[in-house]
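Before anything else, here is the set of structures, which you'll find just below.
Each of the next two complexes has chain A plus one other chain: chain B in the first, chain C in the second.
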Partner chain A sequence: MEFVGQIVSGAFGEILARQKSGEELEIGELLACDEPNGIQLLQVYDLEYGSQIQPETIELMSGLRLEGKGEKTSFFEEELRHYVLAKVKGLVTVRGGKAVSTKTLPKFFNGLRRIRDADLSFLDKPEKPLFLGRLRSGSKAIDKRIELDGEKVLSHHVLVPATTGRGKSNLVKVMLYELLDKDYCGVLVMDPHNEYHKSLKKHAKAGEWLKSYSPNPEGGQVSLRVNYAALKPWHFNGVMPFSEAQQQTLHLAYKTWEKDWITRLLAGDSLGDKVQDVTLNVLQRKLGLILDGRVFVKNGSETIVDDVTGHLLDSKKVVIDTSRLGSEAELLVASVFTNALFNRRKAAQTDKPVVSIVLEEAPRVLSEAAGANVFSSIAREGRKFGVGLIAITQLASLIPREVLANLNTKIILGNEMKQEREALIASASQDLSTDDKAIAALDKGEAIVSSVFSRFAVPISIPLFEEHASAAAASAPARKAFV
Partner chain B sequence: MAFDFAKLSPKKTALGAPHFSDPRYSPLAFDEARFQSFEAEAGRLTCVDGGNASVINTPNLSVQLVRVYRNEFDGGERKTSEESEFLVITRVEPASGGQMLLKAETMPLNGPKLLQEDLAFDWADATLAQGGFKASPSALGAVARRFAEWKMACRCFNPVRDGTLQTSVTNESIFSRKAYAESKGVFSALAKTSSLYTTTGLPLVSAVARLAGKRAAPWVYGPLCVNSQPDHEADLFVAKLHENATHCFRFEVKRGCDALSVLPALAFQASDLAFLGYPYGLVDADKRARVPFEEARQMQGVMRQEIGEGAWREIELDSCAVDAHDFLDRV
Partner chain C sequence: MGDFVFAHLSDVHLGAFREPELRELNCLAFERALDACGTADFIIIAGDLFDSPLPDLSVADRAVRKMRILREQGKRFYVVYGSHDYSPGEKNVIDLLESTGLITKVSLGEYEGEALRLRFIEDAETGAKIAGMSARKRGLEREHFGCLDRKALEAEDGFKIFVFHSGVEEHKPDFLKGVDGVPLSLFPKGFDYYAGGHVHARIDAEEKGYGRIVFPGPLFAADYRDLEDLRENKHGFYLVRVAGGKAKTEFKPVETAGVEVVECGATGKSAADLREELLEKARACEAKGKIVLLKVHGELSSGSPGEVDWNAVRAAFEGAACVKVNRSGLSAPLASGVKIEGNSRREVEEKLFHELAEGKWDEKPCRPLLDELKAARPEGEAKQGFEERVAAKAEKVLEALK
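Here is the complex of A and B:
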């Protein structure tokens, strides 16, 4: 047995193990401990120095060396007297091929070894898989696919928090690529950097499963145009702020003019003396800015909302290119489709297939300041109707705690901001209180998955999308077209 | 100030000459010619040390946990190490003629059984007595430890004891002679503390250090006396084992042996930074042989279970007769 450490003291959740000399344990590294009642999987969460020598003596010794008086001095059995102590915590116990919660301390003085493939047999493939990456031990990826139950995870929302550039988009691309031809879910992707469409169209089955919309359609994209008539006053909730008087006016206009309400408002028609001219003028100007004719149009495109929701309920993956739109216009488009989808779902008798909505910079609609809107409703009760969010953000701390707690799977990528880590740790499904350093130290593409649908917080390594896609394409069966 | 503290400075005191109260040690006057310098050099040594602590201590019953340990190093490399652990159970028993006996049995716990026979001492044995009082049963823990240390040194190469080569307890010289006969190389001892003085009342070791002045270490000074004590078959020296050492130590070799056949190896081990000037093998042996209070307490728990609550309470009642803090043997 190749031990890399030995348990020397500690308590439940904070076991201290001495590192074997010559071995190098890493923060986040996965270890195993063979116990009579199963294999305990443990994880290193902190490292410190240990020494048999008093601190004052060590300081004196380094003084001697530094000041050039260390000649003819030495260290006998250095590897025995100075060492590294690793703080480890139990993740899960594998008993008879099944994972159960760890409730006991491993035997005192027991040896710890690195994990092996055989320890991981419990990580089986769910029927409706959602691929997130490979299991990671410290910074080493292990060839073990991490797949959660996609139907549950997507309907109970996913949060993807990280500092910029840590690989949020890459992760979502990988997830969507793997989900593309899965018929258990539809996904609506708001694509403000036009990156998801470009990536997903590389999928061999993109023709069948991917539906792309763009204001400037090219190569297989459909024109993104929405008729004014599709807009309802409440679609603006969370999109842009209106005063109390302006809100009332919107509703009055809708009630008065019905499907023509936007056209008439923009034309400056009067709503009688109940509405002041200033209010109308401001509304006219505000709406004019967001409805500038690039996406929202007076004539034509009456079916797009039904088309998009239909695709989603048909498990298609719908990508909306909003790269040339302002933030408010993007949210308005998202709001129109999402409202329509949510309404259809509420009216239907089924919550299948699950539909997920990918939204970048999610605090725009989920923060306290955004007020009530369709996205926050979905965060609260979407799972009842099989509608979930994939919320991407750099600033999870802006999302209120009870909403964060509702996002039941968090794929935590690297984050150097203490406040952000604290918000994530406080709302995670597992106790991540000892993982602060590990989260701060996560490299690009490394993540910790904390989910109510996983037994433990799973460290993962996410493949680079380009490599993942070409590997998948290479291993896919050859297409007839090439013959 | 009424008292002149400055006069406490040892510098103010003349060196005098080595002083021994026992006439069998005839002192040799200080002479710089008795200094010898040498070079540290890797070599083979076996350091031996022991430790003991009280588990049960009543006026008529004592249980002590004893551990004896040795390590052999060749230069910086550990060759072997061995540990022996046992309990010493001592009782007071009446013997013929109104005498009282202290009888000790040993019970091996770990490692080789070093003491084959039970120990028996006259209660009034002067070599055990402390301050004129009759010996307490607990004294046999330390005695058994000393005997076992000698036994541990048998068949060793260049054994080095922590302390001195002096035997003090009845029959101890049987064990020391056997150790001298069965060990190989040169038998020596290094003492961290020494109770030797000069005729002017200076500690002898400091007086030698003063005499050494700025002489480059390692060096050895001696012999300090001509020793004809039969229970102390040793030549006595003072040695400084590293140039940056703050301490000199009393050093002894088996009478008639060449001190310089082991000193270079001791000096080599004394280069360890944790205690410059003191050999690493002795640091290691001290640490490994020591019986911490906590360990004795745990053993007490084990014994308490073995003995049973009722009987244990009776023992506890008896033990009130001795100092309640006296868990650790002070011998």
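Here is the complex of A and C:
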């Protein structure tokens, strides 16, 4: 047996193991401990030095070497006297190929070894898989795909928190690429950098499963144009602030002019004595700024909202390029499609296929300051109707705790901000209280997945999208002839 | 290049109806349209000239006779396949007409690597350059659109016409919501006229960077919805005058017969009562020379729809050019069916198998068997070979169960 360490002391959740000389354990490394009734899988969460020599003696030896009075001095049988102590915690116990929560300490003085493929047989591929990456032990990727039950994960919301440059976009691209031809889910992607269409169209089945919209369409994208008639007063909730009087005027205009309400408001038509001119003028100016005639249009494109919601309910992946839109216009587009989708889903009284909405800078609509809107409604009750969010953010701490707790899968990428790590640890589905250092130490493309749908917080390595996509595309079918 | 005129027709759907009277009206509409093309130098038919790849020969004969008269007058016909008159891997009526020299197919091109390069046909007399994309079954032409070498098409100079038979995603009428079209971004830019077919609605739109995108809609009608639409809207074709390189469109309605829609609710009525009410409505209707669309819906209190004497009802619309009955929404009280709800076709199919099996027979083979049997024939594969291949695969599924 190739042991890399041995349990020497500790308590439940904070076991101390001595590292074997010549081995190098890492924070986040996965270890296994063979027990009579199964295998305990453990993870290193901290490392420290240990020594059998008194500190004063070690310090003296150091002085002799540093000051040139004993360069050749050394400790007798140094590998026995100095060592590394690893703090490890139990993740899960595997019995008969099934994983159960760890409730016992491994046998005292038992040896620890690195995990093997056979230890991971319990990580089955779910029927409706959502691929997140490969299992990671420390900084080493293991050839084991980590796939959670996509239908459950997506309907119960996903949070992707990370600071810039830690691989958020890469992760979402990989997830979407794998999901593209899965018929159990539709995904609406608000794409502020116009990067997902270019990436996803590399998929061999993009022609069938990918629908893209852009204000400047190219290469198969459809023009992003939303007819004024598709807009409703509540679409502006969470998008831009309106005073109470302005809100009432929006609703009155809609009630009075129905589908022409925006056109009439922009034209400056009167609503009679009930509304002051100043209110109308302010509304006209505010709406005029966001409805600039490029994306929101008076004529044409009457079918786009039904088309997009239809695609989503047909399990297609819909990418909306918002790269040239302002933040408010982007949110309004998202709000129009999301409201239509959520209403259709509620009316249909069904929760399948699950539909997920990918939204960057999610605190814009999920923070307390954003007020009530369709996204916060989905965060609270979307799962009943099979509608979920994939909320991407650098600042998870801005999302209220009860909403954070509702985002039941968190794919935590590297984050150097302590406040953000604390918010994530406090709302994670597993106890990550010892993982603060591990999160801070995550490199680009490394993540920890904490989910109510996984047995333990799973360390993953996310493949580089370009490599992942080109490997998958190698088996794409040949093109047909033109007849 | 001088000034010239061309006609733009689409969705003629000759041979579309079972009713001889409607077939006749359809042929009549085509003949009248060609009569109205007197000033046109050439005629574009943007797909679905016929309702099937191998239409009734009497219908085809009549169309050919009329087209030949125009051809002898020196007019040229430029045609693409529509979704109805295209058949993968087989010759069809459009190919036959081209072999006789009556028409010219304008969807010419070939793949060079990944790029589909279309070739222009130049109309010798006017200098107009025409390129086109035919339809495929179930919208498969979108794949070809995605491979178009648009830059090469855009680089060509002169007056250019792009002929196609597909819905344009950005210009879909309301009744096509949820139906996939081809995004404008897959079309080559800079053509002077985009001659569309397939969408059964009249559209004439100017699109920045592209040009005029025009759908004449059906010349007459191909189905019940078209006939209903005919009551509200004129159907016809476009005459396009090109002067100084600019195209100006004029819609030319084609008159055939008026349309009268008669609706009758059947809920709570016996079959005999319904019959009486329908006869009464028929007698009160001014149907002479018109197409009557009789729509009956609801659940009878007693009797069955078959007990209504539909022939007598039809006959009661005196002088009607045709009476078309739509009773798809009519049901008998004891009619039973299997009601299935599902989120995808696959789910509905699986639930249906389960429902029908009722545990009396093994439903397991149904799914894989259906998957094999519903495979579409790839372009270029001969029908016989395809059928044999599918049959072999299906047999394999069944054998695996033994």
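The rule is simple: the second predicted complex is superposed on the first by the 472 of 483 C-alpha atoms of A that agree within 3 Å, B and C clash if a C-alpha of one lies under 4 Å from a C-alpha of the other, contacts with A are read in each partner's own complex, and residues count from 1 in each chain.
What we mean here is this: contacts are C-beta pairs under 8 Å (C-beta built on N, C-alpha and C of every residue); 3 or more make two chains touch, one makes a residue touch a chain.
Bear in mind the structure is a predicted one, so any value in this text is a computation, not a measurement.
Of the two partner chains placed by superposition, only chain B is touched by A:Phe75; chain C is not. Of the two partner chains, chain C is the only one touched by A:Gly300; chain B is not.
A count of residues in chain A touched by chain B and by chain C gives the higher number to C. Applying the stated contact rule after C-alpha superposition, one finds that A:Thr104 touches neither chain B nor chain C. Once the two complexes are laid over each other on the shared chain, residue contacts for A:Ser121 go to neither chain B nor chain C. Within the complex formed with chain B, the residues of chain A that make contact are 52-53, 57, 61, 64-65, 69-70, 72-77, 81. Across the complex, chain B meets chain A through its residues 40, 73, 76, 78, 242-244, 269, 271-276, 280, 284, 287. Those residues of chain C that touch chain A in the shared complex are 88-89, 109-111, 114, 116, 142-144, 146-147, 169-174, 176-178, 183-186, 205, 341, 343-344, 346-347, 378-380. Of all the residues in chain A, the ones that touch chain C in their complex are 183, 207, 214, 217-223, 225, 300-303, 306-307, 310, 313-315, 350, 352-353, 479-483.
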